[in-house]
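Here is the structure we will look at.
Chain lettering (A, B, C and D) follows the sequence in which the chains are written, and residue indices restart at 1 in each chain.
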Amino acid sequence: MTEFLSLRDAIAAYVSDGSTVALEGFTHLIPFAAGHEIVRQNKRDLTLVRMTPDLIYDQLIGMGCVRKLVFSWGGNPGVGSLHRLRDAVEHAWPRPLELEEHSHAAMAAAYAAGAAGLPCAILRGYAGSDLVEHNANIRSVTCPFTGERLAAVPAIRPDVAIVHAQRADRAGNVLIEGITGVQKEVVLAARKAIVTVEEIVADLRAPSPNSTILPYWTITAVVEAPGGARPSYAHGYYARDNAFYIAWDTISRDRDQFTRWMREHVLESSASVEAVA
Amino acid sequence: MTEFLSLRDAIAAYVSDGSTVALEGFTHLIPFAAGHEIVRQNKRDLTLVRMTPDLIYDQLIGMGCVRKLVFSWGGNPGVGSLHRLRDAVEHAWPRPLELEEHSHAAMAAAYAAGAAGLPCAILRGYAGSDLVEHNANIRSVTCPFTGERLAAVPAIRPDVAIVHAQRADRAGNVLIEGITGVQKEVVLAARKAIVTVEEIVADLRAPSPNSTILPYWTITAVVEAPGGARPSYAHGYYARDNAFYIAWDTISRDRDQFTRWMREHVLESSASVEAVA
Amino acid sequence: MSAAYSSSEMMAIAAARLLRNDDVCFVGIGAPSLACNLARLTHAPDITLIYESGTVGARPDVLPLSIGDPELCETARTTVSVPEMFAYWLQGGRISVGFLGGAQLDRFANINSSVIGPYDKPKVRLPGGGGAPEIAALCRQTYVVMGQTKRSFVERVDFVTSFGFGEGDDHRQRLGINTAGPTLVITDLCVMRPDPTTKELVVSALHPGVTREQVAENTGWPVRFADPLEETPSPTAEELSTLRDLQRRTTEAHAARVAPSPASADPSTALGMTPPAVIPSERSESRDLHPGSAA
Amino acid sequence: MSAAYSSSEMMAIAAARLLRNDDVCFVGIGAPSLACNLARLTHAPDITLIYESGTVGARPDVLPLSIGDPELCETARTTVSVPEMFAYWLQGGRISVGFLGGAQLDRFANINSSVIGPYDKPKVRLPGGGGAPEIAALCRQTYVVMGQTKRSFVERVDFVTSFGFGEGDDHRQRLGINTAGPTLVITDLCVMRPDPTTKELVVSALHPGVTREQVAENTGWPVRFADPLEETPSPTAEELSTLRDLQRRTTEAHAARVAPSPASADPSTALGMTPPAVIPSERSESRDLHPGSAA
């Protein structure tokens, strides 16, 4: 069932121009290597879904791969703005960017609804917020027992989910530990799921009977990509490169400097080189 | 915040006649010792909520403590009927029993909704089932995006939740491992939560950063009750007494034999004796 | 040729044969658990067994008596919470085959595991649906495994706990149910499949030595037979020995701490099977083992 | 008397003092994280810090730069999934104090962290709400911590990301919101509390050395002062040393692998605080540290 592919082959096979892709990982386990491969393969007109676009989407947006962004918080955590995201929204550079903006609570619930095979999620959300007027995908339902009006958002069902995880076994079962974010939900909600991992092992070494494990039959392709989450991190493997997140503020502020950096560090680097970088 | 009480004191303090109580544990970690203490304290007119009533509710029903049962599967797993439950429903012995019957999927979702502070849960449920006509708490909502009709059930918010767990630390944080069932949900959904544990320890020894742990500030009272789940089981402590589950079929079949058994093994035994039994 | 075997063994073996190595099964206690584990121990070593207690990929060495025996969690790939099990795994559409059984089944494979008689004044209060109502609607397809008698295979079920094909034809679609439903009914006498258009159950194969008359006598409606009518191959020596080893291990395990109970000697419980949830007096009459509901 | 201190240090210390040992805080990055951990390291050792990344009971030794730094999970009592965090813990009503901040706040404590200018053609696209819209509605109460300038404390916010008291009075109740809302606004100049009936923010205390005029000059509406008007006690030597040790550890940790970036020398980032999400040129002008949104 699960294929074991190179990063290049996995992206080539399952990410196509115009598709809806969710690269997830809540601060932890962000699949940077996979995002960079999407840039290298110059995918176009993507609809990208992610709670916190983070640097990886700033890069994809700045490189012109993205037509639409579905998100709930678009900053550089602890640092400030995502300048490429801002430039796209404020000045349509390098191309206009359509936004569908939610709150974290709603997006998390929408991923869970996608995993649960429901058409929508309900929550006590958006009370009094102007977001409701600017997003047609924020509606409401009435509780048939109390009459309370609850916010409703459509389930998220991406064409492709891409996440990074600590390890997979040779059958393709995947273990995720630490801040698990919406990793399980996005994989189960998506039509196809690509998982990059730090290592492929004989034994997952799951510490608990309740460890977060995605069975091989829920995963389309497993890619061995050590360091594939840098400058994000992999609990138990390497730490978050906070210095780089801070540095990105300067790198990304200027269009030329950004483009130069992407050329040097992404376009002219290969998936394999990057994986071990 | 969390009190450390004897089983007797915990039940006396928080379970009162007429209240709605959920003793949960999906086959695993069923709080038998706590249920027996409820019998000994002769609580009356209880509304009992539980997905699988199991032997513990068969005993409470047979002893006349119960006015209403909210459930989704009322058998002796792998053995057959719960004879005291049947006798109450079929012959109103020892008293009439009101039923609110759901499916597992709906009850699990209703517990989750209770934990999540929602008034109701929605699910793709009960399609074509006659249960809908016999339970006014099965209604529907329409998805505001697809128009699909979804089943809705009210959130479960018991007055008191009672669960058994492997261990608590001295602050009252509780670790649950193995088949976790709806243990976390029922504790978070209830107004008060009593947790009986195999042991109280200095260090919870949680094997994973994602272990199922209930913080002390979600728990009203912790009771040390080793063996408190027998004849159910505690993963890592003792096995399920399947022979007793089989034997219960005979013990419970006859009213007098049942009453005799309860007198000998529950009424005339004390919480402390039982805890170590 | 193989040794003598019981009709219940034939039923379990016939069900096991229909499972594939890549199936993801939502397993109920009793005959389904027996069939699924027999398949795993014979031709489908990688089959994924999911029990509603939350255990994903369980590989029990003995059959569980309950849906949540320690053996299941200890051998599972992982164990999730029950709300997650029903939301992400069942409702999420991850299950290829779900198993159902019950006290009554009708010609359109609607199943009753709730009550005999009127719901509010039942002659027999059965355990109820448990996971069955959603298993029936949300698994890609379901297999029904239950012993066949005139009492259990009825013209009309007293109560529809789990919806099969309703009144037939496109009734499922009309209710917005987009799964295939009960594509197979395996009994101790035969195998039935729904007619492609009317969805009425039709006998597609007889187990060895079983006659059309026997099937008709044990069916509460004028049952139809496929033409050609197949015969189920007899159990192989390997199937029988694997099945019996599994049952022996199970009996020993469950009787480990013998309790003063005739039931503990009852093979139907020793097999971890739910006896027909009908009034006790009827039990002895029943020709054979009966599977439990999926709950 | 204690050593000299900055107004941002006063803000963090004033916020920390308001937290209790039994509070369960939904902590945002920046000033809230600083205040909460300062409280934990001084008078509230058992305070529970919850970060939206799923970490429950985190006890970080250095301030996280992001909401999901390794330090948080490694020191947490447990870490849950993000859907569970928002459903069971925030929406479930488990949080006693939530923190908010943003680019703009109005006299009824409505907060804008989405856009400067019109939403569809923004002058400045801010990061957005993240967890804030639900933190504002679902925590038992919220504390707003942000630097005070005429640009940030405005008559009317361009966009209501997080609802405070709306147009005042019982506007929350009219929307069915049953929590107390923003009961405190702590700035680098003063502390504000909502008027019991109108819910307009009123200055209840001035930080040492701050004048009414300064506060008025840095508020975009004709701000009212409580009578009597309190003065915030100066930071104690212990508060200051604990705060500065924490900041030093944090600066060292985040610069661990120094990158060629002026930002890395910027105290606002070194402190793990989100600078005001306004256009860069305005950054240097800002008198002081600005907390980030709760996202």
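Here, a residue touches a chain if its C-beta (ideal position, glycine included) is under 8 Å from a C-beta of that chain, and two chains touch if they have at least 3 such contacts.
Note that the structure is predicted; figures quoted are calculated from it, not measured.
Enquirer: Would you mind naming the chains that touch chain A and likewise touch chain C?
Expert: Output, common partners of chain A and chain C: B.
Enquirer: Sort out for me whether B-C or B-D is joined by the greater number of C-beta contact pairs.
Expert: Most contacts of the two pairs: B-C.
Enquirer: Express in whole angstrom the distance between the two chain centres, defined as the mean CA positions of chain B and chain D.
Expert: A distance of 42 Å separates the two centres.
Enquirer: Would you mind pulling out the distance in Å between where the CA atoms of chain A average out and where those of chain D do?
Expert: 27
Enquirer: What whole-number Å value describes the gap between the mean CA coordinates of chain C and chain D?
Expert: Chain C and chain D have C-alpha centres separated by 58 Å.
Enquirer: Give the residues of chain A touching no fewer than two other chains, as numbers and ranges.
Expert: Within chain A, the residues that touch at least two other chains are 112, 117-118, 123-124, 148, 178, 180, 184-185, 209-212, 235.
Enquirer: Note the residues in chain D that touch 2 or more other chains, in rising order.
Expert: Within chain D, residues 73-74, 79-80, 87, 91, 138 contact more than one other chain.
Enquirer: Quick check of your reading of the touch definition: is the inter-chain graph here a line, ring, star, complete or other?
Expert: Graph shape here is other: it fits none of the named patterns.
Enquirer: Write out all the pairs of touching chains, ordered by chain label.
Expert: A-B, A-C, A-D, B-C, B-D
Enquirer: Chain B touches which residues of chain A in the complex?
Expert: 117-120, 122-124, 137, 139-146, 148, 150, 152, 154, 177-178, 180, 207-212, 235
Enquirer: Flag every residue of chain B that touches chain C in the complex, lowest number first.
Expert: By the definition above, chain B touches chain C via 26-28, 51-52, 71-75, 77-82, 85-86, 89-90, 101, 103-105, 108-109, 111-112, 123-131, 134, 148-149, 178-182, 184-185, 233, 235, 239-251, 253.
Enquirer: List the residues on chain C that touch chain A in their complex, please.
Expert: Touching chain A from chain C are residues 22, 24, 48, 56-57, 73-74, 76-80, 87-88, 91-94, 138.
Enquirer: Would you tell me which residues of chain B are touching chain D in their complex?
Expert: Against chain D, the touching part of chain B is residues 1, 112, 115-118, 173, 184-185, 188, 206, 209-213, 215, 217-218.
Enquirer: What part of chain D is in contact with chain A in the complex they form?
Expert: Touching chain A: residues 29-30, 52-55, 64-70, 72-74, 79-83, 85-87, 90-91, 110, 114, 119-120, 122-134, 136-138, 159-163, 166, 171-172, 175-177, 253-264, 269, 272-275, 277, 280, 292-293, 295 of chain D.
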